[in-house]
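One chain, subunit A, appears in both complexes that follow, with subunit B as partner in the first and subunit C in the second.
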Partner chain A sequence: MQNTFVMLVKRAVHFILVLMLLSFLIFSFIRLIPGDPVRLSLGVMAPEETVQRMRHELYFDRPLVVQYFHWLQGVVTKGDFGQSLYTHHAVSQDIATYLPRSLELAFYAAILILIFGVLVGTVSALFKNTWIDNVIRFLSYLGVVTPPYVIALFLLILFAYTLKWFPIGGVPSIPEEIVKTGMPGLDALLAGNWALYGKVLKSLVLPTLSISLGSIAYQARIHRSSMIENINADYIAFARVAGVSSTRLVMKHMMKPSFIPTFTIYGLQVAALLGNAFLIEVIFRYPGFSQYSLNVILNKDPYSIVAVTFVFGVIFAVVNLLIDLGVSWLDPRIRLKASE
Partner chain B sequence: MVNTVNIQTVKKVNPRAEAMKKAWYKFSRNPLSVLGLVVVVGVIFVAVFATVLAPHPEDAGLSIHMTETFQAPGLAHLAGTDEYGRDVFSRILIGLRYSLAIGLLVLAISVPFGVLMGLLAGYYKGRLIEAIIMRFTELFMSIPPLILAMVICTMFSSKYIFAAIGIAVAWWPWYTRITYNLVTSLSNELYIVYTQLSGVKMMKIIIQEMLPNIMSPILTKMSLDMGSIIITASSMSFVGLGVQPPTPSLGEMISSGIKYLPNIWWLTIMPALMVVLVVLGFNLLGDGLSDVLSVEEK
Partner chain C sequence: MKKLKKAVCLLLAVSMAVLAGCSGGTSATPTPTEQASSEPTLLRATCTATPETLDPARGTGENDLIIFVNLYESLVVPNRETGEPEPFLATEWTTSDDGLKWTFKLRDDVVFADGTPMTADDVVYSMERMLALGEGYAYVFTDILGSVKAVDTYTVEFDLKSSFGPFLTALTCLKIVNKTLLVANTVKDNSYGDNGDYGKEYLLTNSAGSGPYVIKKFTIRESVDMVKNENYWGTLPAEAPDEATFTQLTDSATTKMMMASGDIDLAHGHQDNETLQALLTTEGVKSAVVSEDGLNYFMMNTKKAPTDDVHIRKAISYACDYDALIAVYGDVEKPNGPVPPNLFGADNTIQGYSYDPEKAKEEIALSKYADNLADYPVELAYIQGNGDTGKLTMLLASNLEAVGFKVTISEVPWVLFCNNEAAVDTSPNVTNAFCSANYPEAGSLLEFKYASWTTGNWNQNEWLQDATFDQMITEALKTVDNTERLQKYSEIQKYLVNDVVPSVYAMVSATKPSWNSKVFTWPVSEGKMYASSEYNYYLANFVMLK
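For the complex of A and B:
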């Protein structure tokens, strides 16, 4: 327990250093590159004094290091990530608006990936080299090589335009008074509005499937091969001889060790979900964090870009930490090594 | 009786050529790997001779045929025509050229740099250089490659070459990581330890003993990465970063076709299928290579 705590502290310190270096790097990129973001934001027609005043307010007329530490101070003391030159809001406010929407999308996708990835992988492994396995392997290979935005296009044409089962894009607007978390579905649930929740869910089906199908396919491949490795292990044969029932054999003795690689890959897939959602949010006109990131990047909005990469860095680090904790919980050998 | 040994002139065997032959035999036994190779060779051939093979090479630019707009795929136009009456099939072939070129360009920048960094980190193990390189590697790996590539590309210019540089900046850390891990694990192999004990310089060991050994996993990764890079590049051109219209690129064709869905489906689906085909080819080839090349390690 104490070791876990020491590891957590070490990781946190390391992580903070990495984040600082990351944000400094992005800042230097923005400062070093030609073109004035303030001028770009105000337009060519804006008078020179206005531009100069804004440059001064945003610390663009001071040395890079001064600007950086001013920004860092704001982040640490007030959670203030600066001003967006694109939406003209505080960046933290923008993140609070857009991030929850994407997180809800990622949440449903993460559930689908875990359930179906493991399920399909297990079936494939138990029926190894039969036609069931071959069909699954063929489909999962196709799923892995098809980019998410192509999957999105096919789903859009088939289920939205042709069969008209799901809307072609957007998300139902949530009345101002019930917005609590910023996640459309959760807000509807908290307000007890089941009809609205159903509507939200319906609009989330296609985007969720688009970002998760490829990951499900990949997850299934990983889980299949780690299951197969375990099926052939000596201790499985031994347990079988000792009379352990088939269900117990599969559920406990094969599943648990197979989960170690599965879990590691799963974590990485979940961490990548937001990054993969870019074009999906564009195609389904889902007003989430990925679409916001895309807009601020294309508009060279300096403070927002730093904040966006910051958020992605935090998510990546947190997920990696969770993976390590999960793996050490699953694998007694790693746990023992850590406590030595 | 005296044993007579029939001394024949021993045929000189080149071990490397022999290994290659064996590898090729194993590779050719797997139909999927061969399919991958065929697709990749075919795609490269088509891309190189795109202007010759395309039925309407002039449609790569700003040509307008008002009488032929939005024709469905058929014999006259294999993949239909777009809103300017341009032949989609021709545009896909020319767009393919840019997709492959960007993939090669990214690999040409990121692989040598990434491998060099990995070798340096492995060589200076336990020193400051290793720490710096590996921290930077972690740093770059903690941001989704597409974001990093887009940030860098927009900062400089949305031109084609900067899209490639942006992706390369996001890609090198993976090669540093893989090279570093391989060098680290090879360092513990007995033959490396003995060579080191016999007084051979570490730099020489890395170049003569280690580099040839890490080539095969890196080659495999390159083939698999081609697909991912092409997807990344097409995602960037989807939002207008990279090849600029009217020059065709697969991602831009797909994104500008979306507004005509669902009736005029060929504007999006045809280039999308080409992306899938190319990625499929490189993945099959990469898997085939990894099957063949990983034999020695086992």
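For the complex of A and C:
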């Protein structure tokens, strides 16, 4: 327990240093890109005075180090990430608007990926080299190579446009008074409005499937090969001879060690869902964090770019930490190594 | 082991069934056609992006103006046919002999959406606010306006620093905001002294105008929902939509599906040709070419070899296959001069250049580069990801090669493009872009595109810096009398086309909105169009059919 705590503290310190370095690097890179972000935001005809005033307000006329520490102070003391030149809102407010929506989408996708990735992978491994395995391998190969936006368009045409089972994109409007978390579904649930939750869920089915099918396929392939490796292990043969029931054999002796590579890949895939959903968000008119991130980068909106990178950094770091904790729980040998 | 396999299979099958069940058969939400006729009429439109703020003193983009024109009003509006400004919130005006003092009488029956009457104070506040913010259209007035004051409740007086002929047209850019409402919603910070934040924060999501519509809900980058202003002082026909929503939608596949399934009624005019054709296959869907107050220009750097020679510039103008360029965009108009034909002050009698490769070769022979043209390759550049401007540039490149030019083409990222245009040496020989007037009058476009004091930005790759032109445009802009000013604009246009040839005028910029004619009738379909395209989206003119 104490070892885990030490590891956590070490990780947290590393993590903070990495984030600081990352944000400083991004600040420097933004200064290196040609073009004045303020001029870009205000337009070519804006009077020079206005441009200068805004540059001053945003600390662009100060040396890089001064600007950076002013920004850092705002982040640490007030959670203020600066002002967006692209949306004219506080960046922290933008993050609060767009991130929860993407998190909710990623949450449902993560559940689907875990359940179906493992399930399909297990079935494929247990029926190794039979027609079931071949069909699954073919489909999962198809899933891995098909870009998510193609899947999105296919699902949209089939289920929304032709069969009319789901709406063609968009999310039901959530009344302002019940918005608490910014996640449309969760807000509806917290307000006890089941009908609205149902509507939100319905609008999320196709985007969730679109971003998760590829990952499910990938996850299934990883889990299958990992299972097969363990099926052939000596200790399984030994356990079988010793008369361990087949359910226990699969669920405990085969599944648990097979989970280690699966789980590692799974974590990274879930973290990447947030950043890779750009086209899905456009196609389904779901204004989430991925769309926001790309737009601020294209518009050279300095404080938003830093904040977006920061958020992705935090998400990846947290997910990595959770993976490490999960893996060390699954395999005591790794736990021992980490504590050394 | 077999039992377990069976169990896993069963679990898989059940999960599939549950997932399929989630879809729950046909939708329970009524489609618009199922709704009772007593329900309010709703127009569902798309836009390429929502405005970033609902502050009329800050936005100048097409998407901003389409929304603003419904929420806010101005002292004068352009006439649909001629583009000449005519009375709106102001009933009449007088100008002093020296053109420095403009006095406006306001209507006495105008109320803002919250019921507050509009007075001269609101006009003064709106102008002072715009200048203090320094954003949006402020630059049109910053250098010319001395002061503005309320003479009495319904009289307002503008004192100009120097005579400015197009002042009346420029006033279409000043939208009047509700002073009382904004003062009450001012955030006290130090941005603008006693005026706090001048209501900037409030206007991020609220409107404060006297227009026929008010904001119901605005979510940036998602949608703008507007509803009829119940307190509207003017006439707002019952057939106009009770509600209108503009949703940000750029994906063409989704647009096509939503139009076909009746989920949208009006698709924005920036669809590619293939998407537009697909949209038109839905029964009842029509499209129109809505011209805007700008052109597509091939801007030729007049200070860099070989385009510094007027014969080379004339040669390029003749070498250009205009029909092929226009075919890229479809039915848009070919302009003859530097001003789009429907803009106030355009001279439509000018004979411009037409495709004539032989004449192009003759012009090359007259130029100082006739003997060593190959030593001076023409660099063509366009902005990365800027619609079809890349295609236009490639077409021109092949035209130029056909008459003997050597060319290079580069696709430049936007930020770098702007950077290159800041200096004459880094500006390429020819760039392609759409440029439009700041206020709806020829003088605006001419000054913006060619005056010496507007160089250094991507709208003027020409670097004209021509003393005669500067003199002519200054004189024209000083002239208050409309007929006289238009005459001067006409001379400038002739001078540019015949003597200086700074640009190739490729086509009138236009959008091609498409709409479901079974849902509403749009005056645009009868060819009734404004030069300032945003006025075409004045919702009060829409007639809802269901």
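Throughout what follows, the second predicted complex is superposed on the first by the 337 of 340 C-alpha atoms of A that agree within 3 Å, B and C clash if a C-alpha of one lies under 4 Å from a C-alpha of the other, contacts with A are read in each partner's own complex, and residues count from 1 in each chain.
Operating definition for what follows: contacts are C-beta pairs under 8 Å (C-beta built on N, C-alpha and C of every residue); 3 or more make two chains touch, one makes a residue touch a chain.
This one's a predicted model, so the numbers in the text were calculated from it and none came from an experiment.
Of the two partner chains placed by superposition, A:24 touches none, neither subunit B nor subunit C.
Contacts of A:275 after superposition on the shared chain: subunit B is touched, whereas subunit C is not. Put simply, more of the residues of subunit A are touched by C, taking subunit B and subunit C as the two choices. Once the two complexes are laid over each other on the shared chain, residue contacts for A:144 go to subunit B alone; subunit C is not touched. By the touch criterion defined above, A:59 lies against neither subunit B nor subunit C after alignment on the C-alpha atoms of chain A.
In the superposition on chain A, A:308 contacts subunit B only, with no contact to subunit C. After overlaying the two complexes on the shared chain, residue contacts for A:107 are found with neither subunit B nor subunit C. In the superposition on chain A, A:316 makes contact with subunit B only, not with subunit C. After overlaying the two complexes on the shared chain, residue contacts for A:293 are found with subunit B alone; subunit C is out of touch.
With the contact threshold set out at the top, residues 33, 153, 156-157, 161, 282-283, 300 of subunit A are in contact with subunit B in one structure and with subunit C in the other. Remark: subunit C residues 1-5, 7-9, 11-12, 15, 22-27, 29, 52-53, 58, 60, 133-135, 138-139, 142, 204, 217, 219-222, 247-251, 253-254, 257-258, 260-261, 263, 414-416, 418-419, 438, 448, 457-459 touch subunit A in the complex.
Residue ranges of subunit A in contact with subunit C, taken from their complex: 33-35, 39-40, 42-47, 49-50, 53, 86-89, 115-116, 119-120, 122-123, 126-127, 153, 156-157, 159-161, 163-170, 173, 201-202, 205, 246-247, 249-250, 282-285, 287, 291-292, 295, 300.
Of all residues in subunit B, only 135, 138-139, 142-148, 150-152, 154-156, 227, 231, 234-235, 238-241, 254, 258, 261-262, 265, 268-269, 272, 275-276, 279-280, 283 touch subunit A in the complex they form.
Across the complex, subunit B is touched by residues 18, 21-22, 25-26, 29-30, 33, 141-142, 144-147, 149-150, 153-154, 156-157, 161-162, 272, 274-276, 278-279, 282-283, 293-294, 297-298, 300, 305, 308-309, 312-313, 316-317 of subunit A.
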